[in-house]
Amino acid sequence: MTSAPSTPASVASHAVSHRVADLTLAPAGRHQIRLAENEMPGLMALRAEFGPSQPLAGARIMGSLHMTVQTAVLIETLVALGAQVRWVSCNIFSTQDEAAAAVVVGPSGTVDEPAGVPVFAWKGETLTEYWWCTDRAFDWSEEALAERESGGDADWIGPNMILDDGGDATLLVHKGREFELAGRVPDTTPGDSEEYAVILDLLRDSVLDQPDRFTRIAAEIRGVSEETTTGVHRLYELAAAGELLFPAINVNDSVTKSKFDNKYGIRHSLPDGLNRATDVLMGGKVAFVVGYGDVGKGAAEALRGQGARVIVSEIDPICALQAAMDGFQVSRLESVVGEVDIFVTGTGNVNVIGVDDILNMKHLAIVSNVGHFDNEIDMAGLARLEGAEKVEIKPQVHEWRLPNGRSVLVLSEGRLMNLGNATGHPSFVMSNSFTNQVLAQIELFVTPEKYPVGVYVLPKHLDEKVARLHLDALGVELTTLRPEQAAYIGVPVEGPYKVDHYRY
Amino acid sequence: MTSAPSTPASVASHAVSHRVADLTLAPAGRHQIRLAENEMPGLMALRAEFGPSQPLAGARIMGSLHMTVQTAVLIETLVALGAQVRWVSCNIFSTQDEAAAAVVVGPSGTVDEPAGVPVFAWKGETLTEYWWCTDRAFDWSEEALAERESGGDADWIGPNMILDDGGDATLLVHKGREFELAGRVPDTTPGDSEEYAVILDLLRDSVLDQPDRFTRIAAEIRGVSEETTTGVHRLYELAAAGELLFPAINVNDSVTKSKFDNKYGIRHSLPDGLNRATDVLMGGKVAFVVGYGDVGKGAAEALRGQGARVIVSEIDPICALQAAMDGFQVSRLESVVGEVDIFVTGTGNVNVIGVDDILNMKHLAIVSNVGHFDNEIDMAGLARLEGAEKVEIKPQVHEWRLPNGRSVLVLSEGRLMNLGNATGHPSFVMSNSFTNQVLAQIELFVTPEKYPVGVYVLPKHLDEKVARLHLDALGVELTTLRPEQAAYIGVPVEGPYKVDHYRY
Amino acid sequence: MTSAPSTPASVASHAVSHRVADLTLAPAGRHQIRLAENEMPGLMALRAEFGPSQPLAGARIMGSLHMTVQTAVLIETLVALGAQVRWVSCNIFSTQDEAAAAVVVGPSGTVDEPAGVPVFAWKGETLTEYWWCTDRAFDWSEEALAERESGGDADWIGPNMILDDGGDATLLVHKGREFELAGRVPDTTPGDSEEYAVILDLLRDSVLDQPDRFTRIAAEIRGVSEETTTGVHRLYELAAAGELLFPAINVNDSVTKSKFDNKYGIRHSLPDGLNRATDVLMGGKVAFVVGYGDVGKGAAEALRGQGARVIVSEIDPICALQAAMDGFQVSRLESVVGEVDIFVTGTGNVNVIGVDDILNMKHLAIVSNVGHFDNEIDMAGLARLEGAEKVEIKPQVHEWRLPNGRSVLVLSEGRLMNLGNATGHPSFVMSNSFTNQVLAQIELFVTPEKYPVGVYVLPKHLDEKVARLHLDALGVELTTLRPEQAAYIGVPVEGPYKVDHYRY
Amino acid sequence: MTSAPSTPASVASHAVSHRVADLTLAPAGRHQIRLAENEMPGLMALRAEFGPSQPLAGARIMGSLHMTVQTAVLIETLVALGAQVRWVSCNIFSTQDEAAAAVVVGPSGTVDEPAGVPVFAWKGETLTEYWWCTDRAFDWSEEALAERESGGDADWIGPNMILDDGGDATLLVHKGREFELAGRVPDTTPGDSEEYAVILDLLRDSVLDQPDRFTRIAAEIRGVSEETTTGVHRLYELAAAGELLFPAINVNDSVTKSKFDNKYGIRHSLPDGLNRATDVLMGGKVAFVVGYGDVGKGAAEALRGQGARVIVSEIDPICALQAAMDGFQVSRLESVVGEVDIFVTGTGNVNVIGVDDILNMKHLAIVSNVGHFDNEIDMAGLARLEGAEKVEIKPQVHEWRLPNGRSVLVLSEGRLMNLGNATGHPSFVMSNSFTNQVLAQIELFVTPEKYPVGVYVLPKHLDEKVARLHLDALGVELTTLRPEQAAYIGVPVEGPYKVDHYRY
């Protein structure tokens, strides 16, 4: 096993079974978890429904997903359903340290006697630390040992389920097994990214240490559930290439994920990020939203709801027509760039706002991204711009002074500003996404016969179930089909109610 | 051929090649067609693009679709692309007589020398007349004769393409061929609907007259394009049963049809119908929308836009959650029935408002349907209610005096009130739907090799094309992907841009 | 008295005590009145509250206000409170003939034995007819005679109250008395408008017939209530000049009139007029609203609620800033005229859309007015435009073919299109305005000591009462101040609650 | 003069001419001031217009208004117009320490050599400190001394203008003079509030020190401008009692203050406060807004814009009817209290949410106030509730555990949560309010002859000017009246455009 990289001082004194910033943050984290549970009715309903039957008993889930308060509720739901769990964050900045600490301590433990789940995550990891954490979460020898000590006969060395966000955990297993079978880990080449070099280093150590470790782990894994567009894209590529090693459920394309997280999550967190970053009045301002997919739809609605005049740009004529029918001006960026106060990108594409665009903006225009990576806005190009100067107004808010004498305000350095300047999606939205995750884990673990190796979306009745579990909390009364009505439209009384291609 | 049933007096004197109410209405109709052309940029763009190449030359299209002003623009677009056309309405009430007359006269003809397209339709047909019209539109002997007289060698007796709305034309061919092959038309049984009895009568006459007529017609038909949920449902059933006789394109599920016609069309025509029927202020009133699919979404948005407080009911938990997230109260009908001023159904299901509900309504509550057939509201049950009295306030607006001393106002006798009390969807919306129809006709006629017998949706690039053709008229500027951006997201620069299951 | 001008044939046979188009329309009118009563809770509540005490017993009210179904409910409310009433319309086109007939017949009368109120109004009067009607409504000799016959000692010749809309009735009394005192009616001069010439002719006849008629009438009149901006403006001018003859209550500036009728009435009736006139989709279109007062606010909200993109113009910087803060683009007409689909004026000013603007519009742009007179749009200039041609598409909808080859659609010839193309404000809105009218009549008639000659607005507690009477019908629960709360903010528990300059 | 109370350590070392938390915060404050200037176009325009003519030369302005970044821009505008200024905050918690420091340092000064304006304010003053600060800002002896040293003959001891927010500065002068004339300061009685006792103590010291100090100050003061409802109320009471000592301009009732600050400010800052306090999703939740005045209108619009379902309560039937017409459910609190997720009060009244209401709320319902004092919610009653426990979740967010086993979340201890949990109104909104303040100061100082002792609102042309100065920044194009149009409606081309009672 690779040696542990340097971690925060406070971590060093903790047991080897976890690495978090500071366990004494746990009480504050537990407060927040308790409040979040109230906003995550889907997960709490799963605890009530499945707690008695323990469908995940025997499941060893390795989770790689932002270690936030909401994720803490997810983790403890998995535990409540019988699973053993180890966790890492899927982003070097996204861990909420008090949440990580609270999960380690657990609801019944204390700082001195933690009774929770092993977590390897803290806010502000290096890349080396990040991948070390990921690797550690694959090492279940402690758990195996504990099981054997209590009379079991555990002989496994890793998880049998992955819960993934972005696909890094899945990547590591696939790459690890590939290189083990090949007998060697390739040399790092100049063209490799910094991060890939870190991965190769880690795997070289691993192969030296246990030449068949990931091969054995991969053989044990019954499936992965994945919730991001990017991660799902990787899974479909692996499946198409015949290289996928275990079945996968694409949670991202559940309606209760894609149409809720993207649209309603952004509607909430975009204005929140703008406010915390700049305190600038949105009312009366001209806002420009790049892209009118679900993210752009949520952004445009939020800005209009605050009295901004919203202009949208689109490359897809169908989405462009939707924007027009929803009452928005649809223009190319270059047509209106000089009259816009607030720019928001949400496309998943690169360089949708370029340096030339930035040079044409009003003085102190706000430039922000809620879509994807920091390359939606050409931050690299801006960094290379001769005569441009970056002045920090406050963390995650920078004034870029341009050679033309004007400035723009860039939020979160071009990264997701709803995460960087605010706190991301609220608990209720995440409850939808995570309830999908838990149901996907149950499906894959309990009924593997339904899922030969391949990529699946959750069956519609489970997608509907996720929605159903969130209705009571909102005071929604659902109407029940009468049998003759169900017969008339040819669906079961209890659903599912729509054809698969229904667009909602 | 069956003998013509009685038709309006004014029809009797016209040529046998059409049956419309009154040809002298044509000039008024041509005025309206000219204005509608300005609102149907998709169809006009197809004329410009395909007029020179005449892709529909040789096509003999039998159309069965509401004979309105908008349909007139569709028909003349098909002609402009080279097709021969015969037309009927697909509903006994939906013909606009001046539009029918204008189509018969044609843009270059006169009332005395019509130069247009044969149409068999007038407002207020009986069921017998309706099916007689449908049957007549299958009889292309006049056209064949004309072609032979001008030197051709036409030997066909019917169309080679169907453009359908609701599937009645398709039904007649399938039933006709089925009975011809069976050698007999079944006897009418007591359980048959009045309409089915009419169809059986017609086919009995047909078989007597030409025992292989529909068999020959079916063999000639290259395909059908169909634009309604109901019609598409029939097609999938036929295909599943192995009984579909020719390929079909499901135009209904084009995004530019289902998400535009249903949502934006209803948003427009629902308040229009309420106003023309009742002149009742919507602002401040409580409106109840049954169903939050695309129709319900459009209805709820329109009512909120007029200041009504909207309550929604749903049976599908996903749509119910969407309604809640969009800020609407979601309740069961029985929970709030007594406080509602305006009821709107849009479900496609039966008896979603029952007689018991009606008895619990406020005095003079408005009850209306924009969803489907007149059985969404239990009109049959209401008609049977002891002590209820129906008083006509004006055409399509009836006060039902209830035995409990209260009254309700029922619009369009429970049928589609946006058609019955107003004028249906506006031209711009229909331009989207009809541009899909024309593209589907071209696909099926020009590239039959791509469409073996089965049911298809239009390829996404054509769906996008429909949208694209409507952007200029709205002043929408579409952004163009740069090649490196297209490569980044893995799509062609010119589209299509989304995976097939994308929900928009 | 002047001789009666020609009236519709059907009128000639009716009793001298009224002139309406056709009494046989009364049953249809009574149906509509019954439905309207359900939408006019303020008036019905006044009947319940004041019917027993008959506060208007002894009042002889001459009303000059659009003779519609809603006005019928107003008239019958005045009667229910004890008043004698005679009525005329205040516009040559605005009479609904079935409503006029129904009022004459009355709720308990029949066509053969009318038992209602004398009405002098029909749709489509000439100017001469219009002023003849107005004059007739001042002639109460029949009523005086009837009263004397039943034992009373009536010696009056006219009303003792005026209920006015636009000030024509008030004008006639003031001018009549002025000329009587002067001993002669001035000669008509070339500069006089056609309408003023008609008035002078009428008064010349009147002076000849009864030289002190209006002097005696004026002396009897206890007051007038007036509900339009224009009429109120005339009253303030008269008062400022010391020429006002009796007290006046300005109903127009009650909050429940100006902020409701103007804003919510237009929100309802503008899209209604557009739909009935053109059936053009508003969604996705660019609409231009001239003026962002209450009328413009209602128009902009309605258009946005239908998915249009709304651009506003304003001359008042405060209203312009409000428009911007509400999310609308604010531009000068000339900046955007070529990209607008729908124009709406609502300013009360002249030539806000000029001929030059019209020449710069898109082909088939819609031009309409909901603000004021037909001079908001320069219709006179358009009529003079060389090479322009006016083509009637249907009544109240004209295509103006311009010399530049384009056309525009002008609605209602530039007059109020919500009246001309639709049915004006709905009953519920009018109930607010008319409840103010009735309360003003009671104030002036019952407590004249509170109102020396001058112009007044209704006291705030009555304005609040108007609102209060409309709450139950909308299911609104009003909260009651506790005494300590009332004391804390220094108002009575039962109101009024706001300072006079409060803006709502 | 009273002896200085204990102040933060960092203050002790600064010059006597100011007291702020820490001057080293100044650079951070200047960054923020620069950004705020970009959002306060009204103030910047006044600098450009009036800088050259220095209308406030000779003015000695004592300002008592929240010492925020926006106020810094106001202060420096007053200086740019020629005034000498001394400043205090009008709330013990509202000072932004970096803004206070930046004002002291000034745009051209340094931390070591401050060149700005004397400020006496820091975040978290005690009541004693607060009134000591206020008192210090009245002591202009240093300035007088400096003027005499530079050759002038200053003999004054205090300001000659007051710029007030809440009326504390005005109160102190009035009370000080009253007690000086009476010859003694009354004894503190048990019924006096804690704060009034502090004031009495301060004035006792003052009278001992200089028996005619406030009498002399009052004689010098030319006027006060006041911007709050509360402060204005005090002024009208003083004027009514004949006790007002100098003219006052009521800035609060400028349209550009009351209709902008209250409505658009709250629309912005309410959701901001909810987000920063709780991160709870607003979409789909039930929100209850107490009061539908301008504050409530802004709150309801903001919550609806985020997808919440909003229920409103009102005591004024006019506002209640407006809420209904705007599409909101209007209910009494007790009717729906158990189904509400988020409560917001904005009434200016007391105990609009009582302890009984709180006991009926859902678990973890959010209770917050944006209206007025902390007595809108009965915080005192809650504190007395037997068995209730207050748990701090984070600063300004408390969970109150109730004896019934449920909890509620109370924001900012019942005080203004948009200030306590967020940052209050944004700069652009404050620019409107503050531009009114500056214009009022100029009016009172430059043209005192127009303002005999009394309370005035700004003339409408200045209200319009405030709006006008904010249009360019939003890209608003204002239309100009043509002379014939101005004549037609009887207003000057350059305004004012509306009658005084116009409600906007």
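We just call them A, B, C and D in the order they show up, numbering each chain from 1.
Keep this in mind: contacts are C-beta pairs under 8 Å (C-beta built on N, C-alpha and C of every residue); 3 or more make two chains touch, one makes a residue touch a chain.
None of the values given here were measured: they were computed from a predicted structure.
Enquirer: When every step has to jump to a touching chain, what is the lowest number of steps that links chain A to chain D?
Expert: 1
Enquirer: Between A-C and C-D, flag the pair that has more C-beta pairs in contact.
Expert: C-D
Enquirer: For the identical-sequence pair chain B and chain D, what's the CA-based rotation angle in degrees, nearest 5?
Expert: C-alpha superposition angle, chain B on chain D: 180 degrees.
Enquirer: Using C-alpha centroids, which chain lies at the maximum separation from chain C?
Expert: Computed centres place A farthest from chain C.
Enquirer: Where the centres are mean C-alpha positions, what is the separation of chain A from chain C, in Å?
Expert: 61
Enquirer: Need the CA-centroid distance for the pair chain C / chain D, whole Å please.
Expert: Chain C and chain D have C-alpha centres separated by 44 Å.
Enquirer: For chain B, what residues touch not just one other chain but two or more?
Expert: 264, 283-284, 304, 307, 321, 324-325, 474
Enquirer: Taking the touch rule as given, give the residues of chain A at its contact with chain D in the complex, in rising order.
Expert: Its residues touching chain D are 31-32, 35, 38-39, 264, 267-268, 271-272, 275-276, 278-286, 301-302, 304-307, 339, 363-364, 391, 393, 399, 409, 422-423, 426-429, 474-475.
Enquirer: Okay, in this complex, where on chain B does chain D touch?
Expert: Going through chain B, the ones touching chain D are 283-284, 304, 307-310, 321, 324-329.
Enquirer: Give every residue of chain A touching chain B within the complex, in rising order.
Expert: 253, 255-256, 258-260, 264, 294, 313-325, 330-333, 335, 348-352, 463-465, 467-468, 470-471, 474, 476-482, 484-485, 488-489, 495, 497-498, 500-501, 503-504
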